[in-house]
Amino acid sequence: MRHVLTRRNGMIALLVLSLVFPFAFSENRYVLYIMTVGFIYVIAINGMNILAGFTGQLSLAHAGFFAIGAYSVGILTTKMELNFWLALLLAIIITIVLGFALGIIALRTKEHFFAIYTLIVGYLIYLLIDKWDGLTGGIRGLIGIPVPDPIGPIEFNSPITMYYLVLFFLLVSTVVTVRIVHSLTGRTYMAIRNSEELAQTLGINTRTNKLVSFVISVAFAGLAGGLYASLVRFIGPEIAGTSMVFTFLMYLIVGGIGTLSGPIIGTMLFVWLEQFLQNFQEYRMLIFGPILVLIVIFYPTGLAGAYNSIRGRLRSRRKKDRRALNTASLESAKIHSREVQ
Amino acid sequence: SENGSASEGSKANDDVNTSDGAKELTIGYSGPLSGPAAFYGTETLNGLTLAVEDINDSGGFEVDGQTYKIKLASLDDKYLPNETAANAKRLVQENKAKFIYSPHSGGIYAMQVFNEMEDFIIMGYTSEPGVTEHGNTLNVRIPPRYDSYLEPFTKYEMERFGKRIAFLPTASQYGKDWADALRPVWKEHGGEIVFDESIDFNKDTDFQTIMSNALNAKPDVLFIGGPSEPTALVLKQALDLGFEGGFLVMDQAKPDQMANVIGGGYDLLEGMVGVVPLIESDFPGTASFIEAYQKKYDKIPGSEAGFHYVSLYVLTEAMKAAGTVEDTKAIMAALDEGAKNVPEEKQVYVIPSVDKEGGFEPALRMAYIEDGKIHVLEGE
Amino acid sequence: MTLIKLEGLTKRFGGLTAVSDVDFEIEKGKITAIIGPNGAGKSTFFNLISGFHRPTSGSIMFEGKDITKTPAHIGARLGIARTFQTTHLFERSSVIDNVIVGHRLRTKSKLYDAIFRTRREKREEQMAYEKAMTALEFVGLADLATMQVATISQEAKKRVAIALALATDPKVILLDEPAAGINPEETDGLAELMKKIVQNGITVCTIEHKMQMIMELADQILVLNHGAKIAEGTPEEIKTNPTVIEAYLGGESVAEVI
Amino acid sequence: MLKLSDVSVKFGAFTALQNIDIEVSEGELVVLLGANGAGKSTIFNTISGLNKPSSGNIQFNGKSVRGNSPDRMVKEGIVQCAEGKKLFAEMSVQENLMMGGFVHRKQKAQLKQSLAEVYALFPILKDKKDDAAGSMSGGQQQMLAIGRALMAKPKLIMMDEPSIGLAPLIVEQMFSIIQEINKSGTTVLLAEQNANAALKIADRGYVIENGAIVLHGNSKALFHNDAIRKAYIGA
Amino acid sequence: MELFFQQLFNGLTLGSVYILVGIGLTLVFGILHVPNFAHGSLYLIGGYITLMVMKGLGVHYFVAVILSILAIALLAVLMERFVFNPLRDAPPIHDKIAAIGLVLFFEALISLIWGTEYHRMTTPFDSTITVAGVAMTTQRMLVIVVAVVVVVLLQLFLKKTMIGASILAMAQNRDGAFLVGINANVVAMMTFAISGALAAIAASIASPINLVFPAMGHLVILKAFVVVIIGGMGSVPGAIIGGMILGISESLGATYISNDYKDMIAFLLLIIIMTARPKGLFAKGVY
């Protein structure tokens, strides 16, 4: 029985589910749309997770890079009329280059300072998009971004094909994340997360490793942004805003930061929770806010973390028996306590 | 809120027969009901709600022999375009809405991406000319375009105060577009722009800095605007710093609300020109609307509420005229006729006609303040 | 043969000179001990050699190469490993996971290898694991491999820290007070371990206050006081050096008692 | 003066202390011996109120003090000089010492007096009185920690491995200082691994293994106990 | 030149507000080692309470301000007890998220109770004095005076009293504070109370210049963080200098560079400072 519930089987089940999902809802483009947007967020949050969850560097410029990806695709397809795929590729390259440049400077700071430094950089990206009318369309945004160009017979003008396109990239990003986490590189990142000083004495170039991790993270954000632009087809500066990055962070924490399934669990749950809470209109933040606080207090490792620890507890039952033995020997120790003269 | 929200009736609504044999027709709404712009969003929704109640209380409306009652499905989009898009999809898919209101240009643009494909009419509330310039065939623009205000405002201020103007509008896209449109007009009439910046109400904590700079250029007239309250404050700070010229105010700000903010009557607003507040209007339906609104919401309505109210009558009349509640093309074509058929007592505003792009064409009116009193100037 | 050669090594923190003009040579394949009163600059001395701090002046030669300005991670690659005065481990990970990271610097797998799980990646993962197990066996902790570090004893942690240092394949290992806070029986075990390390061709350099242990173990002793070298020599020489007795040992009897 | 009866402490499922009985009389110097992880610090933290006992009772001067908050315990006169020092790293040495006298902050004159006493005990602290505590060496910090504890004018001072990381000369000094502190009327409860030196100055001792007391008696007897010699003294 | 002095005055007013908010934030930051994003909510509610008490009870402005200070101090204490204290041992990111939850909650609550419209707070200090061409409303002068007085009192409290020093002590080592007999819980609550009180004061004196509306906290909080970082976290003098740098650079930047880009100037300033000094201008050498 135990063999059926392995992590791998769980993944396969999820994958199959996500593949057949559109058939169940082929009539409801709204449901598909929300799922697709959710998946796009997961891609971005996977990137955030690699950097914040596994390397221990919380960058709050993540939405900024998401926006850079989105605007790159938007500008390249509308103003330069480039092919979408080329534009997407360029968008990722642009985010990587900018991320690299920022990473070199920003990673000199540590902990809270890094978080706030990047928060401010994110805000600057937002201001720049907001003010640079000529390039970005300013506060009004970019209108009329085309859907992705067809690949052979596959066209991307229907919600279902967009769904599968995004799903494909989601899988790619997830596989990449899993591979990184389970590699020597991933171990290196986690070593930096756990103690940068120690990692250094172990011959790890923490600067370079943090930088590479930062670049992967922004590349994911750029990819997600590019997909977002072609899905929503209208983008405004608010996607670079601070509330966007906090939304990402919220999904990540609730799902479980530093876990592989955290981003997808947190995002899909909250994206739908937000839709559900629409029924409460202006009261919904009165419910949502406290839910968030409670989750953070009572499930500090997020939902994925909570699940893992429950599993861990079940597994360690045997160990507990050993502990009982330990207590028993203490009991006998007490009996042996005697006064020496 | 009082409005049924989207997912309460997730069945196809127009099939549901109410007890009195009327069918239910869903009208969608997506606007800012929380966040910084919530006040504005709520106002627009209130106007719409009032119209829905009035229509339903009087037994609904009849199209092609079938009586319909309206169900209003409203969703919050926090002023974010992508949320508007998601909401619109939801309203179309889950509530089968054929008409979706949104009171901000970002949301309208976001819906324009797919509204023709999904076959629903955008009931857009923004005076930005751009929204009707992209050739979208299922788009309605409710308020008048702001470019019609430019000439008369310019002339009035220039004659009374002089040719030097300082630009200090809100930094929203809307404010920028207004400024872009005003600049050539002001210059055409021989004026000079001595200061040209904008104020971001969402980011600035204090406007006195920029105001000091503007007044340093010795203008005769200040061009200001944005939501009524901060606009009023900008005006007040100009007075604090000793400014004695005129104010050319964008159509977003309403003189009555501004007067409220800085306390008391119109005398502090001396020299301003702007749009006519709803409360100073005397269209056939205005007085009763204001009364009903005050009774229900305990405050004085702005023009947004009034326009939303009347727009729903235009829409239902258009459906009647087109003989369908489904065929969006036919309804669009019948809007002009619908506008003309709005019952007189419901005319909070008089909408004489609707143009081909779906833009309402109310008569032009402006208000100015002289000797502490508001004066209304009716256009032709 | 000289492994590390220090000339005029000086480190200042603001107005305070923590290490002051020290000349010293660390012999290859020997156990060198550094002793001195608290605040004498011993830990700082280690920080300088391992590249954690940059000297204010002076030079550090490692195997004839100038490493005065190389950062810590390069020093580690050249073969300088260290432990910290307060045991410093990845508390949340298992013992084996801790030690595997220790061998990371000898592997070449990059991001590319991780994403495509190349043959190199697989080979190196295996290698790092084996290396880690060897190191754990060496320090006698193989059976604790899967325990979480936070749950093991203080003494075991000290050994894990040494295993971690060993996993980097060092030429020299710098130990900062390895015997602090562990009992006499365990101290003996630790001394054995240090001998074993030297027998395996790795030079050992240790800071220690436990004189009994040091006097038995060390080949060579450096005594620091107020950052400056006050003596250097074999245990016998140091034990009888009047300057050292005055500044540090405080009378011959003490060395025996403690 | 201090009496622990049947005290147990649990961390989750793990039992750190099991039915501990300890008694300390006024003016005594009592030592707790035990290997790493035996539970010495846990006993101290439990007395200090930093850990809550899952069962058992703690009495101080005949009053039950179980469940008191840490600051209450300091006011009662039980002060701990903890392992890991727990200094205020960015404050100066003197500020740290002054904070040690927090509970007597109203008696300005007395504080001044205590400060002078501490400086007399540890002259190095006076030399470094304006330096940040975090910049001092391990040994200096240890002295500061003891000095800070003394500033609270404790009736009972608990010292957790004060000799750890100290130079031999200083260790010797440290033990004589502890003795001095004791002689001047402060009751001392000392946790040590350095059984040899500790038993030389102590009146009585307890031996802790795996969270339980396995042996106790006067220090002479303990010193000559074979098992103890083997485990804690070596040779 | 007149303009320069006018802008200097404007910058001083702005800077004073930033300082008051920034000090509250930096104290809590120092104690919890966590940026309290919900500090903006305290500011927000502080403004509303002053306004509503004035309107509702018809009391004098100063009475309303005092009531508001008390209320917000209490609210801040509750925040500490029910949200941040339970999260004491959680990783730092968690406090940020919890704080965001609080922000969402309070904003919604305020909108629900008092609506979403802008309100103006009118005070007895509405007259204008012009000195050498510089126009100063009495309210603006009040802002500066209050800031100076509050800062001086606070500094005396922290440096000259043991209770104040206990706040600084706890910021550095919570367990250590326990050991010397400081009731850490009391100190944590006290710090939050001070921080809340400062936020209430700032909101109450700045609102008459600006408006009272649900989003007013956002405006201030981001800049307050800039102040805290420039000044070094936990440092009161640093926050004072940071606040002044920011306020004056904003008003002069808007005048002599560009109004549109003046926010960017402030933030770029921060980026440059942190690039040169990764721990802020006044970070301590040790640690």
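For clarity, chains are labelled A, B, C, D and E in written order, and residue numbers in each chain start from 1.
The definition used in the following text is that a residue touches a chain if its C-beta (ideal position, glycine included) is under 8 Å from a C-beta of that chain, and two chains touch if they have at least 3 such contacts.
Everything quoted here is computed from the prediction, not taken from an experiment.
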Shared chain contacts [chain B and chain E, defined touch]: A
Chain located farthest away, centre of chain E as origin (C-alpha): C
Centroid spacing, where centroids are CA-atom means, of chain A and chain C in whole angstrom: 40
Length of the line joining the C-alpha centres of chain A and chain D, rounded to whole Å: 48
Distance from chain D to chain C - Cα centre to Cα centre, in angstrom: 30
Centroid spacing, where centroids are CA-atom means, of chain B and chain C in whole angstrom: 74
Shared interface positions of chain C, touching two or more other chains: none
Per-residue overlap in chain E, given as positions that touch at least 2 other chains: 107-108, 111, 260, 263
Touching two or more other chains - residue numbers and ranges from chain A: 282, 284-285
Contacting residues of chain B [partner chain A, same complex]: 1, 5-8, 33-34, 38, 74-76, 80-82, 85-87, 89-90, 92-94, 105-106, 109-110, 112-114, 118, 130, 134, 171-173, 176
Contacting residues of chain A [partner chain C, same complex]: 176, 179-180, 183-188, 190-191, 194-195, 197-206, 212, 216
Of chain A, residues touching chain E in the complex: 52, 58, 105, 108-113, 115-117, 119-121, 123-124, 127-128, 131, 242, 246, 249-250, 253, 257, 282-286, 288-293, 296-297, 300
Interfacial residue positions of chain E with respect to chain D in the complex: 162-163, 165-166, 168-169, 172-173, 175-185, 284, 286-287
For the chain E and chain B complex, residues of the former touching the latter: 3, 6-7, 10-11, 13-14, 17, 107-108, 111, 115-120, 122, 128, 130, 135, 137, 140, 206, 209-211, 213-215, 218-220, 223, 250-251, 254-255, 258-260, 263
